[in-house]
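First chain written, first letter: the chains are A, B and C, and each begins at residue 1.
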Amino acid sequence: MNDMRIVERDVNANEIKIKGDKVQVFYGENHAIKDVDIEIEDKKVTAFIGPSGCGKSTFLRSLNRMNDTIDGCRVEGTISLDDEDIYDKKVDPVQLRARVGMVFQKPNPFPKSIYDNVAYGPRIHGLASSKAELDAIVEKSLRRGAIWDEVKDRLHDPGTGLSGGQQQRLCIARAVATEPEVLLMDEPCSALDPIATAQVEELIDELRTNYSVVIVTHSMQQAARVSQKTAFFHLGNLVEFNETGEIFTNPKDPRTESYITGRIG
Amino acid sequence: MLVLWFFVLLIALCAVGYVVGRSKASASAGGDLSTLHSLLSYHGWNVALSTFMAGTLAIVLWSFISSFFEGAPTIVGVGIAALAALAVFVLSYGRISRDYRARNFVEGLVKSLLIGASSIAILTTVAIVLSMVFETGRFFTQYPWQDFFFGATWSPNFRGNSDLGMLPLLWGTLYVSFIALLVAVPIGLFAAIYLSEYASSRVRSVAKPMIEVLAGIPTIVYGLFALITVGPMLRDYFAQPLGLGESSSSVMTAGIVMGVMLIPFVSSLSDDIINAVPQAMRDGSLGLGATHSETIRQVVVPAALPGIVGAILLAASRAIGETMIVVMGAGAAARLSMNPFEAMTTVTVKIVSQLTGDTDFASPETLVAFALGITLFVLTLGLNVLALYIVRKYREQYE
Amino acid sequence: MTDATANQPSNSTGKTSLFVEDARTKKRNAAEARFKFYGMLAVATGVIALVLLLISILSQGIPAFSQTFMRVNITLDEQVLDPSGNRDPEEIAKVMTFAYDPIINNSLQSLADELSAEHPEVTASALQGMLSKASKGILRSDVIANPDLIGQTVEYEFLANGRIDGYLKGRVDREIAALDGNVTPEQLDIADTLVEAGKLEKRFNWDFITAPDASELRPEAAGLGVALLGSAYMMLIVFCLALPIGVAASIYLEEFAPKNWVTDIIEVNISNLAAVPSIVFGILGLAIFINYMGLPNSAPIVGGLVLTLMTLPTIIISTRAALKAVPPSIRDAALGVGASKMQAIFHHVLPLAMPGILTGTIIGLAQALGETAPLLLIGMVAFVNNYPESMFDPATALPVQVYNFTQRSDPAFVERASGAIIVLLLFLLCMNLIAIILRRRFERRW
């Protein structure tokens, strides 16, 4: 069976990276995510859209178990990464998060130098055995984050001194440095101005060649611009999940249609 | 006594002023109270407050001025104050009319009272400095300052010719404080980290108040604890078996007990500071696959470091100024030694012993306490200002 | 899917499986566990320190609340006490304390006679040594108060000597007694006999709380009365001065003060004053209130003023926080209906902030109640055994009394010091409970 899948993967571009099966998320008494089934493909950008409070961020955070840090949060059903249940008792969230990186709504560089910000992940995971290797990883990551040219001369300045857009790209570079397979982005552009947003969106499109990217956004235009697949969440339910073009031009569900035409939100 | 009676009469006069002020205002309104600019009670308060403040101000001024003249009789001052009060009474009563803006005037008076109350803080500092500067000056006319600041022997002598070198006291103070911080900083910091980052809300709701109770316990209790429990225990189980000393009061005793006292101080300050580190930073680190402790050690603590340093400085200032624990736990022998199980003494202990002794107040043996006091004040003030500055800068960073 | 997880997980991408913890993760998790353990250890250390402290004080101090009494029938001989027989209190008062010695001795002799048939070791002189040295004085003042008792035989309960008391409390044993000049092992045997005969009894002793201090030689009679009264006077002064001044200063700084360098200086000043060592306030009290203003030494008025200055910063800081917590909308509402700023603050903001202000004040008072060092410098450490009649009379304070007890050589005073601390801690507990109740009851979330 395993062999078969390997063969299948080589030929099939629509390889499934993350699969959610009847996922329920509770915050104490509050049932935040109800019965979500989803298949997220590799090397594609998947966008989660929906009105605020619909659970899209909650679901995103449950994909790398960031929800564990919140008291009283409980996940039922199965979410699997490469067919391994990430909520299995044997799974260490630390190892999981090394493979499923995350970029947050507000740029959150550590109060360290730019270099140390990017080197943080490789250091804790032991990815580099020498200084030269670490330098190489940092440079590669900053290039992937499309910020290398802007910071290469001041790698040892504090990361907090950069502009908002630069900070967010630094955070993306930082997330990329640990060589994740999946990159989760929680409204990465909501704190940025339009120019910085455009830069980050361009970057997301480039990242697709190496990673599976999942992005939560409240901007439908952004979803249309950067994603190949779009999931529409409403009141904790996954209402519709389809090719992005399909969702925006030919929504199946009346709720999706009202949302994208601006009647609910 | 005379002054007390003066105040009784003054208050009575104020009460009369309130009543007559009201009634005159009421009369001036001619039946229609709404024509008055201010409410009736403001007219009453106007007379009462003006009178009271005039009387009080006069008596305070008199006591200040009379302190420069020997033997000025109190009765004169009280008489002057009474006249001033009466004059203001008549004046403010005379001003009452329908259009008189009594409310504005009363509010002005109240505001000046409020300003007076706030200036007490400044006055206290000035009084602290003055009370020590003059006596210290007198001390240095009798004893050379070089010998005080740099002398390595402390042996006060009733008949004079004392050696009053501060170094052994300073050494004892710093040594005790150092041990106290050695106990309090790691325990306090780790307790704060555990309670704010790891503990479930149930554990926190029990353990946090229990640690904070330690802060509410008076220092005399810690002193007794050092004297009757910790001191003998350290002597019997450590100092004597190891051949390090025979004394139950020692730098170690005072240091450990003081460290316990400082635990809640360090932990609650660090707790605030750690909580001020934005959650986004923790998420950022956890999202990269760092463990909780890696996040704390490499992201949270470095981010909170300035604040934590400030907290430690404040704790150090506390330790240096602490009195009862060292009086009861550290001993009275001025000594420059490295052995922590030996009794040593501190600046505060000597302030107490020199000022509660029977020596003549004008002798250098007593006056040295003021010089020690000002040294202590300057030392702690420096630490406090520095710490408050660092903490404030730190908070601004995350606001 | 579930089948796949049940079997050995697939490892198709060349990455390690999530189900296998690699060596590095293992190491990191061990570090994590260690770190967490250090945290728990730190919290536990704090809690254990608290428990140890309380156990040490309680175990040493609880015996102080009970005291050993010896029951003796005293025949008040008219020949000695009132030779003229007219029961004139003035004449009775002329009889000096030492005249009561033979009266007590006679009574002890008859007690010894009564018991010596079975217990030959009981002698009058041994019994005399077992009685508190305060007994004659107590007897005399009782006789002066009730002259009618003269000529009668009255049963008295005198305090037993501190060593005998210590024996009944387990602090003194025969080995110690053999080395002690104040008590002999035989007297301890007699004490056993007396307990059997119902003549010696340990019971709760109110006098520990109400009686004044007693000299070095009579630890059994020493009480906290003067100290409690002195502390009460000082708390009254602190409350009456610090609360209004603190509130006035806070109102000005929070509501009226313009943002300029003067205000800045006041603010920095207040936060610094809060951290000035308390002993410095003692120097201030000594130099300004006693030497400069000429207020009496050891008087609660001076202590009260010093403690007021010391607690002011605490009260100002908490009052300002309470004022700040009242939302600006309340002020705007009052101003909007035409109230002046002063009216808005005194009629609306201040009442709403009152619970917070009172909580802060109580905590400040609790801090002042436990403060010792500055009071030592203004002479409150002196031996005082008369109740102060006003704030200008010499008195001591509860924590200073504790210090005083610890400076005496008789070990019986250690017990009394710990007992005094229990009283102090009970007061602090009550004050903090009141503060907590106030906060719970009136806590408001805007």
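A few comments on the model shown:
Here, a residue touches a chain if its C-beta (ideal position, glycine included) is under 8 Å from a C-beta of that chain, and two chains touch if they have at least 3 such contacts.
Note that the coordinates shown come from a computational prediction; the quantities given were computed from them, not determined experimentally.
The chain with its Cα centre farthest from the Cα centre of subunit B is A.
The pair with more inter-chain C-beta contacts, choosing from A-B and B-C, is B-C.
Subunit A and subunit C have centres, each the mean of its CA atoms, that are 61 Å apart. The centroid of the Cα atoms in subunit A and the matching centroid in subunit B are 53 Å apart. Separation between the centroids of subunit B and subunit C, computed from CA atoms only, is 21 Å.
Residue positions of subunit B with contacts to 2 or more other chains are 291, 294. Subunit A has residues 94-96, 99, 124-125 in contact with two or more other chains.
Multi-chain contact residues of subunit C (touching two or more other chains) are listed as 28-29. Considering their complex, residues 1-2, 4-5, 9-10, 12-13, 15-19, 21-22, 24-25, 28-29 of subunit C touch subunit A. For subunit C in complex with subunit B, the residues that touch the partner chain are 28-29, 31-32, 34-36, 38-43, 45-47, 49-50, 52-53, 56-57, 60, 244-246, 248-249, 251-253, 256-257, 265-266, 268-273, 275-284, 286-288, 291-292, 309, 312-313, 316, 340, 342, 366, 369-373, 376-377, 379, 381, 399, 402-403, 406, 414, 417-418, 421, 424-425, 428, 432. Per the touch definition, subunit A reaches subunit C in the complex via residues 2, 5-6, 9, 19, 21, 78, 80-86, 88, 90-92, 94-96, 99, 124-126, 181.
Contact residues on subunit A toward subunit B in their complex (touch as defined above): 64, 66, 69, 71, 94-99, 101-104, 106, 108-112, 120-121, 124-125, 171, 174-175, 178.
Touching subunit C in their complex are the following residues of subunit B: 67, 103, 107, 110-111, 113-122, 124-125, 127-128, 130-132, 134-135, 186-191, 193-195, 197-199, 207, 210-211, 213-214, 216-225, 227-229, 260, 263-264, 267, 291-294, 296-297, 314, 317-318, 320-324, 327-328, 348, 351-352, 355-356, 361, 369-370, 373, 376-377, 380-381, 384-385, 388.
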